[in-house]
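Contents: one structure, followed by commentary.
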Amino acid sequence: MIKVIIAGFKGRMGSAAVKMVQEDESLELVALVDPKTSETAVDGIPVFNDKLSLVGFDADVWADFTIPAVAFENTKFALENHFCPVVGTTGFTESQISELISLSQVNKVGGLIAPNFAIGAILLMEFAQKAAQYFPDVEIIELHHDNKQDAPSGTAIKTAELIKEKRSFKKQGAADEVETMAGARGAEFDGMRIHSVRLPGLVAHQEVIFGAKGEGLTIRHDSYDRVSFMGGVNVGIKKVVEIDTLVYGLDHLL
Amino acid sequence: MIKVIIAGFKGRMGSAAVKMVQEDESLELVALVDPKTSETAVDGIPVFNDKLSLVGFDADVWADFTIPAVAFENTKFALENHFCPVVGTTGFTESQISELISLSQVNKVGGLIAPNFAIGAILLMEFAQKAAQYFPDVEIIELHHDNKQDAPSGTAIKTAELIKEKRSFKKQGAADEVETMAGARGAEFDGMRIHSVRLPGLVAHQEVIFGAKGEGLTIRHDSYDRVSFMGGVNVGIKKVVEIDTLVYGLDHLL
Amino acid sequence: MIKVIIAGFKGRMGSAAVKMVQEDESLELVALVDPKTSETAVDGIPVFNDKLSLVGFDADVWADFTIPAVAFENTKFALENHFCPVVGTTGFTESQISELISLSQVNKVGGLIAPNFAIGAILLMEFAQKAAQYFPDVEIIELHHDNKQDAPSGTAIKTAELIKEKRSFKKQGAADEVETMAGARGAEFDGMRIHSVRLPGLVAHQEVIFGAKGEGLTIRHDSYDRVSFMGGVNVGIKKVVEIDTLVYGLDHLL
Amino acid sequence: MIKVIIAGFKGRMGSAAVKMVQEDESLELVALVDPKTSETAVDGIPVFNDKLSLVGFDADVWADFTIPAVAFENTKFALENHFCPVVGTTGFTESQISELISLSQVNKVGGLIAPNFAIGAILLMEFAQKAAQYFPDVEIIELHHDNKQDAPSGTAIKTAELIKEKRSFKKQGAADEVETMAGARGAEFDGMRIHSVRLPGLVAHQEVIFGAKGEGLTIRHDSYDRVSFMGGVNVGIKKVVEIDTLVYGLDHLL
């Protein structure tokens, strides 16, 4: 049984994490942290206002879904007290991340800071990067609801950047290609093409399509609901107790 | 049994049509026409150099896969001799088509001139046009091999034009939509978006995606091989004998 | 402006319908009906406990999302008072439907009883039925969440029945086909095959795949949310005022 | 420049390999081997009837597309003469493979015996196996032309076996699941389901669909033409010169 403390348990991610930990028989929720609440226990789980009360507490993992202003100090505290941090808060600076990694190595405590807990999206990016080594011809189609302001999506750009790292550069399409209607061939990124579809009813979807002589390989991720992030938090909790350094990015643990 | 004459039987479409007619038990190949060949029979089917030799011949349908220069005269000849023409040659002028339609009505002979015999593509366009009446939010993704020069494809533009006829105009996407990379949202046509994917391995594919609150409807056509046109020729042959006017476009017979 | 009365406005469908009518500028919500509520008005719209109070009321359409026990009498009342009924309640007997159709014709009042308001699903079935006339080779894949008890889904069976009506019978697959693992080829229905996928994360999806020499045609419907039914209710309200008989099934109005 | 000998250059795979090597600027075709041909050169490349004539020949790779009866001796010969073997012939016994691996290690010569050179199919299997570690809910849909006799396909079964190695066992679907039509839920393999679609027009396609709360991940491979195998042969040739043991399966080099 991995004993888990959850800080920031009243927010959207935090409360989903409470539910996830309680439903997993290999995890035990041992403490909740929130500086402002007046409750002393929830479902029999003790609630603490001050993290200092947890010095010496019997726990393995410190899952943190607080705000950027406190997450850095929380993570330091966790590392110093040998609770493996699993941090979903974003907004750390590079120097903060470096400092936390050093601290984790000094204390030999595993940890994870993850800007993205969607395992499916991370696997898609990893697979796409690998396939690009063998299939340099690739196009990305990302599909979102029609209230999304920016195109392409951040995930599509990130995917293209990861592909670029491994793909032999190639300007795709016919040499004499002509757009009879501007934009038909999508956005160009390093010779690849990215297409953004916006329609009501859609949530967040992405397809990476590779083509080669006589074959095609397509990887698609469909994201319907934020609840999907909890799979990644679950993996993070189970993996950090097995390592002895803090890593940035869930991809390092998959 | 429908008795079929095939003119232009040595070309790519014509020879495929010979094979198709011979394999269909409800069709009988009764004559072949080619002005230049020296053969007098192929597989026991008589071959004629001059169409005038076929005046009074016992046949129902005149399938024509000749060149534009002779197809018009051939079609007139067929109508005047009560052979229902099924014509795959393109390049007729509007006035030629009008003249042939009038002639067919005077003679009460059914007929078909079809610029496109791909039933799947025609059904896709018909279905897309109908769905657009209920789902004004629609994007088209067409995918072709990477030697294709023009984008979007002719079929995609034709599909968009047909949709436009029935769809209530709508400028799609978010009102404050921003392309952070030019072309990401594809080509705009009447407020719709068209995206052109080009990859080796692909042949000719098209998806029309409709989105509405809480649902989506997608229609996709995959074309792998020219042999698919024969299904349309087959339908044409069987339908023209049941009508008493010439029509332009296989969609009128589906 | 079409003036709409909504009966059963407190239920899930009814309250969604209230919102839909209020958001459509070509519709005007003029009255609400519920036998048990104590409110006399909601958002300025009068609420009635007894339908008899609406005799002579100025309205065009009676949208009914009540329970089977009252929907029949409500529909009769609507037809007799020249409110075009749009009824989403299911459970009418065939003789009740016949009686209502006769009554509508006597009164020359349009109306709609619809067991299914999902336009996308209805269009998919219509398109599949049409395509099956030209492509006798077809398989259905339906995909649902993994709590669904029955397989195949009712919609898949209904789709197969509609296809059967128009398709030339064909036993699909190779003549010497062998299942090395039982069930691999799915359920057989009139020579067609139906496959049921069950996975967490999925909602309700259906693909109908047609194949022919050298081409394929796929029609897919994705249903994410009950809100999608409101598009069908909207179409129903706008169409019933243009007809002078009651019809059973939204497909008759598409 | 990697210097390549091709044995069995007159067969379907061998002749495609000749073309592929000639078109790749980083490869040089230096010799062809066929015991029965009377030609002494093809396109200026020397042809040998007896492999013994190649002892001491200046080459790096021995690509072998011969028949099982000679491939084993050929591979031994290549390893002994420090030509890295890339062997597409199937039918080796386990003890033959062990013997060849030992011989390669003694001689410190890299090599590859590959029952499957389709990179896309191999990547699909690798990705599916990895994803299954995080997403235990998975179904496989394989789609082939309707002349295929067996269902499921060998690739689908192989994929399921690979997934099984890494996936926590789970009996999928609802606990109270009922097939109202036998076979609807497909074939069961270790709690997973496999569905086989057979339609004219299709070639060889496979989808592996993972589902989890709020998300889905789909990996699809489309195989249209045997030419796709050449990408794998190309990778094999380039990788074997960098290793010092023979491996079985292209997946070990991707």
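In order of appearance the chains are A, B, C and D, and numbering begins at 1 in each one.
We take it that contacts are C-beta pairs under 8 Å (C-beta built on N, C-alpha and C of every residue); 3 or more make two chains touch, one makes a residue touch a chain.
In this text the structure is predicted, and so the values were computed from the model without any measurement.
Comparing chain pairs A-C and C-D by the number of C-beta pairs in contact, the larger count belongs to C-D.
Compared with subunit D, the chain whose C-alpha mean position is the greatest distance off is C.
Distance from the subunit C centre to the subunit D centre is 49 Å, each centre being the mean of its Cα atoms. Averaged C-alpha coordinates give centres for subunit A and subunit D that are 34 Å from one another.
One simple way to say how far apart two chains are is to compare their mean CA positions; for subunit A and subunit C this gives 40 Å. Residue positions of subunit C with contacts to 2 or more other chains are 201, 210, 212-216, 222, 224, 228. Taken pairwise by the contact criterion, the protein chains are fully connected, each one touching every other.
Residue ranges on subunit B touching subunit D, taken from their complex, read 201, 203, 222, 224, 228. Residues 118-120, 123-124, 127, 130-131, 134-135, 210, 212-228, 230-231, 235, 254 of subunit A touch subunit D in their complex.
Of all residues in subunit C, only 137-139, 141, 143, 146-152, 157, 172-174, 176-189, 193-202, 209-216 touch subunit D in the complex they form.
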